[in-house]
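Shared between the two complexes below is chain A, which has chain B as its partner in the first and chain C in the second.
Showing the complex of A and B:
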């Protein structure tokens, strides 16, 4: 900044064309007033100002977000127990790959991705019915949203009772001549039971998002479809789904993130990762390694793996939303 | 999009490049506590039944160190070892720490001070030290004894026409009696909860002494475990056989031991349960529902004629001293107060736990307590407590596979043998 002359004040300095504008058509007379403070401090201060203004936010991000992230990743390359603090390279990651429990957790992540369309279709369909004003739609709207305000612990406890081997659901099945199902004790069934309860407990929020999307829908399109004699499935397929494409994409990515990061409470209460480790998800695995087996470095490695999974999902989210933006 | 991808990639590369440049927990971590205050972490002091115990322990300590304040911080048990793990990694935290005996403390002895020099006088008075000992050093003093008596419902036995004062002595008779009980009363034989994989731990320890020879038993406790022994295999065969024969309550893999399995026994849906003798799932809980005269305690029915059934028990919970505490001797004094006869008497009287102090008078505890106490002297450490935590966890999952029929007993013992070597 040294060696630079202060900016001249007044119209002479205005505009990129420099001297050509000096004799420009008369402007509004400039009142005599002191120079704005920024100009007194010079262009250096002006350039610094954004950085100063950004500094608190950047500091918070770096100190409270990136730095702990770095520490966690750093820690994942050290050992546990006797090897605490020692560099062990990729040993923790190799342990993870070798651990059938972690592999099950990753497989279950894949299963969640496969079940994602169901988790999106349910609130989408119900929101459609509410929008189309089925009888009692206001009541349904409140009822569907209600579980979203319940804690996963409460939801898990309620469904533990309902799904117990000698619980009411099996009693109902027995009454119609169907054998009891060990909903939370059969390794082939338990993960679906937990995911089903998670969808039940959280779809109210997606439903609200869908209803918000519906509020932007042009009613004349629906009227036109009606005039043309479209059936309900045709209306949904050719009018509603294309009009709500952005909303559907948004619900897809947020539901996926919710499934990957918010099922700990339900897992803890409903199955404890069992039976036979069949309901493990990465975050439950991380908790067990850190809390039960006192292996924080291994848990950090698993956390880093989960972070990478989330990064992929996050990038996919950006890609999906950008594409949706271009379509508009 | 490209730019964002680049930024994300740069972040990942940056994280990777800076990785491994140290550890989160430095070896020279310091205590964060002041000199005239001791902080105790546990999951008991918030319990109403432990209020008098804490009060008496505090009073005892105040007699020795009136200038030192003691603060109890009751943590939720579900999160206890997670929180403690974070404190240990930070090298800061409580001065005195409550532990479960066995793997939970043995896995964390690096963070604890050996207590042998401070508690020599208590060695004889208290029982259950083994569960808090590693490599010959004691890292905590026992507060309660934890064991696995086989409780039975005398009323159901009587209804079934069986001798309620003389239950089956052998496994075959036990299975036969189970059939009679179920037929006559509709109750199942064993209340089993294996949702968290705890059921197999109780089963292994309760029936182990009736299956292994005394030599095999002692070797197991000493760490010389022969997983290929037919007697060891027999225990897991019994586990499977009991379920296949319909002895267990239904849906064991989705039933929590605490408190659903115990509730099945209390509500007379099952005639037997492998319970505890500390302050949960024990004689006092059961007698509140069934009545003092209805709850019996029986020896494990003999599976192997060469075995000598005994009560499996260890130290239940105990207090240790963190190695980062400023004055370990003073902290050890607090541990001694927490295991004083006066304090432990209150813990037994209010909570019903069989305290580690062998000098406490338990004569008012009813017949079940009398049987348990009479067997403490001949009892031996529980088999599952001697296993590494990871092996116990694996055993829980394998036991669930055995119940669902997706694995064989041979595969189970082979996997446990491999884990026991590396665990």
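Showing the complex of A and C:
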């Protein structure tokens, strides 16, 4: 109120007060009448203001994100090379399904979905311990989070040194009497090595998200569990998981999206898709078809397939987790 | 009670082991970077007998790392400045101005958030090629802005939603135009949010390799992370210099983490609690 009184519009708001009603009406039109020509420019420009403020952002998003999405879907039905721009129907998609590399990429997506609970459970458990104030919890929080800020390229380069055949990890295994493993050279092992490194590099991100979820948790629930003599696993199962179902859902979806879209740097530096194409993921396949083999239409088909996979996986997760949340 | 205390210590052991596993790779790389080639070949684990800064100098000067570093600084600075300006403008409009279609627009921007770069990269490269923006600073900056703008708008909108509407009303009554409210009130008030979002965007852009690989094909336009990927080929027989190059690229990020850890965490979690 006090902030309003010195302003020129003040009298209008003074209207309802009993004694002022007589003096107010003649006053009101006075400032209103001369102002229309002025105000017209004012409110006119003012009415446009939201659109002026939003225009550059919307323009960039539409032209450089949504338009390319449509363009890409359309593109995936055309041919490459000699048949450039010609409508080929589903030919690119059939080529994809025939391509062993793309099939490996899909198989690896399946593997990621299977490993997803591990990638969520590790940060979830660690966040629980940190929340329950394990000695040194602040230190752990800071340390665990730091790899999450490193570029996948840097992480990949560092692990190229660590996972080398004569590197530290094999030396450590040798010390306890286990044979050396060809982490990045064995087709059966390499994808697990890369996913492991990805989890190493990103669990801190999920951890911080879990901790933010914990900060919304009602502490009296935990006290009640303690009074009832619940063990730690019981507390986690009956108090923490139901209370954090939203956060868990968020972490599941973002972790899956992260696995499908942010391992490019690791793959590029650590394996280049090898050995024998065993570490291909759809995103790497798209890059190779576009960048190396100059097959943009085929790459677009793979892009569209990736988008569909993400949509299906995301929606399925939300459905499953929502139902799980209701049952609790 | 003593049982819980014991349980806490039991989980503390694996936690400490994991903390070691988190720190050790960087310690190892730093140690390797300080060794001579000979020392590395003879024993890669022992501490270097003295600090050999010449590896760092060699990595910095010989494969254009300094040039790539400069490219990254220019592109990241421009991208973040543009992201913060456009993101705060749009966020303010969506959170605090009433107009038709505002919720539809917000949903559209949210939808754009879920379009991964891999899905649009092929057509985007073509669009950039057709407009002559490929292999230029503005082209890469635009690509980054397009990539991270939905996220920026989302966070700025949720931040401005927490600003009491009375503040906007009071500023309007004091005779400010909408633009005046944005520039004089909302922008300064948003400093903590801008810092969080800005740091996070800076990390995203600095750490990116895929977008810059696609948008900057020529070797002198490489950004630092793309430069790192080419180091391995150059120094496959000189691991200490390779490790030095990796450190050069990692140090700015580690410094930012050291000083702005809280802001980074705030940015990461801002979307999470809203679900």
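Keep in mind that, in the parts below, the second predicted complex is superposed on the first by the 246 of 328 C-alpha atoms of A that agree within 3 Å, B and C clash if a C-alpha of one lies under 4 Å from a C-alpha of the other, contacts with A are read in each partner's own complex, and residues count from 1 in each chain.
As a working rule, contacts are C-beta pairs under 8 Å (C-beta built on N, C-alpha and C of every residue); 3 or more make two chains touch, one makes a residue touch a chain.
Please read these numbers as outputs of a predicted model, since none were measured by experiment.
Applying the stated contact rule after C-alpha superposition, one finds that A:186 touches chain B and leaves chain C untouched. In the superposed three-chain model, the partner touching more residues of chain A is C, compared with the other of chain B and chain C.
Legend: residue contacts after superposition of the two complexes on their common chain; A:271 is shown touching chain B, with no touch to chain C.
Applying the stated contact rule after C-alpha superposition, one finds that A:290 touches each of chain B and chain C. When the two complexes are overlaid on their common chain A, residue A:178 makes contact with neither chain B nor chain C. Once the two complexes are overlaid on the shared chain, A:94 sits clear of chain B and of chain C alike. In the superposed pair of complexes, A:121 makes contact with neither chain B nor chain C. By the touch criterion stated above, A:113 is placed in contact with neither chain B nor chain C. Touch criterion met: A:86 reaches chain B, while chain C stays clear of it.
Of the two partner chains, neither chain B nor chain C is touched by A:316. Chain A residues in contact with chain B (one complex) as well as with chain C (other complex) are 66, 69, 71, 75, 166, 268, 287, 290-291, 296, 300, 304, 314. Considering their complex, residues 1, 4-5, 8, 11-12, 14-16, 18-27, 78-79, 81-82, 85, 88-89, 107-108, 110, 195-197, 250-255, 389-390, 393, 396-397, 400-401, 404, 406 of chain B touch chain A. Remark: chain A residues 66, 69-71, 73-78, 81, 84-87, 89, 163-166, 180, 182-187, 190, 268, 271-272, 274-277, 287, 290-294, 296-297, 300, 304, 308, 311, 314-315, 318-319, 322 touch chain B in the complex.
Interface of chain C with chain A (complex): residues 4, 7-9, 11-12, 15-16, 18-19, 21-26, 28-29, 32, 44-45, 86-87, 89-90, 92-94, 97, 99, 102, 105, 108-109, 111-112, 114-127, 142-143, 145-147, 149-150, 153, 170, 173-175, 177-179, 182, 203, 206-210, 213-214, 225, 228-229, 231-232, 239, 242-243, 246, 249-250, 253-254, 256-257, 261, 264-265, 268-269, 271-273, 275. On chain A, the positions that touch chain C within their shared complex are 3-4, 7-9, 42, 45-47, 49-51, 53-54, 56-58, 60-61, 63-69, 71-72, 75, 126, 129, 132-136, 139-140, 142-147, 149-154, 157-162, 166-168, 171, 200, 204-205, 208-209, 211-213, 215-216, 232, 246-247, 249-251, 257, 260-261, 264-265, 268-269, 282-283, 286-287, 290-291, 296, 299-300, 303-304, 306-307, 310, 314.
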